[in-house]
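The following pair of complexes shares a single chain, chain A, combined with chain B in the former and chain C in the latter.
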Partner chain A sequence: MSAPEDDRDHHHPAPMSDVEVRARALEELLREKGLVDEGFIDAVVSAYANDIGPMNGARVVARAWVDAEYKKRLLADATAAIAELGYGGPQGEHMVVVENTPTVHNVVVCTLCSCYPWPVLGLPPRWYKSAAYRSRMVREPRVLLREMGLDLPESVEIRVWDSSAEIRYLVLPERPAGTEGLDAEALASRLTRDAMIGTARP
Partner chain B sequence: MTIERGAAAEVAQMAGPAALPRRNGELVFEAPWQGRAFGMALGVVQRLGIPWREFQQRLIAEIGARPGAPYYDCWLAALERLVVERGVTSLAEVAAAQRRVRHDSS
Partner chain C sequence: MNGLHDMGGMDGFGPVEVEAGEPVFHHAWERRVFGLVAASAARRRIGTTDAFRFAIERMEPSHYLRASYYERWLTAMATLLVEHGVLTRDELVGRAGGSFPLSRPAPLLRIPEPPPAATPRFAVGSAVRVRNEHPRGHTRCPRYVRGRRGTVGRVDGVFPLPDVAAHDDRPCAEPAYGVRFPARELWGDAAAANETIHVDLWESYLEPA
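Here is the complex of A and B:
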């Protein structure tokens, strides 16, 4: 056999590195012992994309709904008010919160790339990074919002905020009618990521 | 098995040396095994019903002990240590599983 490497490569084009071997071995052991199951690992990774982050933003918004003093601080200096709740870090450093009212609806975009306040909203949804969203939200926000399921009356002014590396925006939606009896935790659970980007209402 | 949201938020918010590697906010896995190792740690901690900091402390120790080592190499080492110290498995079992994987792949 003149080239044993070739023979091995035929079956395994990329030999496993030591660390890959260790990772695979550990996973097999943990599976045997029932500590991780098929699918859970993938679910964890994708959950980080969808669920975990927005919960932080939801707590911020819910707190502002139930605590007028907090809301004042949040609108005056969002970075500091968000840090009060323990959220922040790189890319959440320069936060600005924009408040929806009966006559103004705010929506966030990043026309340049995909700047996004991830400490409060987690990972951006795929469409947030799409060229169509980035250009159309500036050009024809009312039409695009309607396509996304949010039909705003003509009387409501739409303000589009362009995120950048320096400033990241979070929308403070209006508190839904009929939620007077709910506490902050219950209110937070009603909030969605899209409501805090401004492409939906809670 | 579903993900506990409280614990998961704790993972996302880790600061200092244990902070998860990100690029523009997104978790960065440089190879598939890194994502697997990430998910494994969350699964193990949840199944064992132990606080996340039990893993986090081992992760910080590994990072401190091996300056410059890739983050998820340290993560995997911390996880191996956790499951052995918690009695889920033994060093001998881990070594045997590694031999098996190496054998199957060669």
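Here is the complex of A and C:
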């Protein structure tokens, strides 16, 4: 983690915002009390900023697309199958994977806060945490998905998963047509975060 | 508590605004607050994730709505550190050179006594109704399913009941379930027939339908 001054002096010449002042005040007080373990914090923040993100989930999905036995394990016990690829940790201790088909589309939300499967998708984007997304996805999913660019036929069943307890969800999208010749790595590179939340298709 | 955080089904928030090429953190202070909450020794002084969520829910409502995600984390962290005696409000206000809004105090609560964790009362396929209860403390039972009928789709194992774990340091694990609700059960006949909402609920929230 960079020193607090970096942000202010080199990147944001404007005066600090109120919230930035408060964040600095809290951090300074905790550091003075010996409650900030710099090395550990740096390592954790750096991991979420650089290493833990949707590429992990993409590798899980691509593997399921090319390996029918893996897909079976993923749908039966997602936490264990995801751990096979080396992914796990906070907000991923109890995973469930929900599968899209030609007739069923799945989408994930957290109406009460912003629960999200960190080990496979990283930290959530702002829109996932927004009042608009949290309030509307359980009430009018088809309308909201259309607004967000995913126009599903009326005949497709929509399942909305509100992650209100300990389970975290990952959507297994349908493998796009015309990708039969691609290997897992090439397939993973085509996958987007939003396809694994369920607000887009790959 | 019936707070603003319980947003499922509310109207009026407008379109979902997606930021193209969004960075993981928008400001350096967000990185620092994430680090303090995710990985500091201070975080380990302030209780469970449930207590942390309840501290966010106790934010003054207009502050909650204005605040970004990481400002809510900052406010909850500071509130709990004061409530646990690690810092004082005066220290925070003094160091910030002005105001440092904290969450409102927790109300006096009657914490439910869950039955001892046992074999799950419900099975996949069980018809259930969500109890119409409105606890003043923390709960993970969204308002939009209270009183509604659904079907158990998964039995998920045993987890601490947030309604207790947010407030009290005692064993409170009980079974939790994935429950499926037809959209029409929640939103009336105008909702589509081929949409379902799946909500994860602890056994204390449910009764046989």
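We take it that the second predicted complex is superposed on the first by the 148 of 202 C-alpha atoms of A that agree within 3 Å, B and C clash if a C-alpha of one lies under 4 Å from a C-alpha of the other, contacts with A are read in each partner's own complex, and residues count from 1 in each chain.
Assume a residue touches a chain if its C-beta (ideal position, glycine included) is under 8 Å from a C-beta of that chain, and two chains touch if they have at least 3 such contacts.
These figures come from a predicted structure and were not determined experimentally.
Colleague: Considering only touches as defined above, state whether A:Phe40 meets chain B (first), chain C (second), both or neither.
Modeller: Both partners.
Colleague: Touch test for A:Arg134: chain B only (first), chain C only (second), both, or neither?
Modeller: Only chain C; A:Arg134 stays clear of chain B.
Colleague: Taking the superposition as given, does A:Arg201 touch the first partner, chain B, the second, chain C, both, or neither?
Modeller: So A:Arg201 meets neither chain B nor chain C here.
Colleague: Where does A:Gly86 make contact in the superposed view: on chain B (first), on chain C (second), on both, or on neither?
Modeller: In the superposition, A:Gly86 touches chain B alone.
Colleague: More residues of chain A are touched by which partner: chain B or chain C?
Modeller: C
Colleague: Under the stated touch criterion, which partner chain does A:Met55 make contact with: chain B (first), chain C (second), both, or neither?
Modeller: First partner only, chain B.
Colleague: Answer with first, second, both or neither: which of chain B and chain C does A:Glu20 touch in the superposed model?
Modeller: After superposing on A, A:Glu20 lies in contact with both chain B and chain C.
Colleague: Scan A:Arg73 for contacts with chain B and chain C and give back first, second, both or neither.
Modeller: In the superposed model, A:Arg73 contacts neither chain B nor chain C.
Colleague: Which residues of chain A are in contact with chain B in one complex and with chain C in the other?
Modeller: 12, 19-30, 33-37, 40-45, 48-49, 53, 90, 113-114, 122-123
Colleague: Sort out for me which residues of chain A touch chain B in the complex.
Modeller: 8, 12, 15-16, 19-30, 33-37, 40-45, 47-49, 51-53, 55-56, 86-87, 89-91, 113-116, 118-119, 122-124
Colleague: Applying the document's contact rule, which stretches of chain B touch chain A when the two form their complex?
Modeller: Those residues of chain B that touch chain A are 1-3, 5, 8-9, 11-13, 15, 19, 22, 24-27, 29, 31, 33-40, 42-44, 47-48, 72-73, 76, 79-80, 83, 88-89, 93-94, 97-98, 100-102, 105-106.
Colleague: Would you pull the chain C residues touching chain A in the complex into a rising list?
Modeller: Checking each residue of chain C against chain A gives 5-11, 13-19, 22, 24-29, 31-36, 38-42, 45, 53, 56, 65, 67-69, 71, 74, 77-78, 81, 86-87, 91-92, 95-100, 140-142, 144, 154, 156-157, 159, 176, 178, 186-187, 192, 194-202.
Colleague: Please give the residue numbers of chain A that touch chain C in the complex, ascending.
Modeller: Interface residues on chain A, with respect to chain C: 1-2, 4, 6-7, 11-12, 18-30, 33-37, 40-45, 48-49, 53, 90, 94, 96, 111-114, 122-123, 125-127, 129-136, 138-139, 141-142, 144, 147-148, 154-167.
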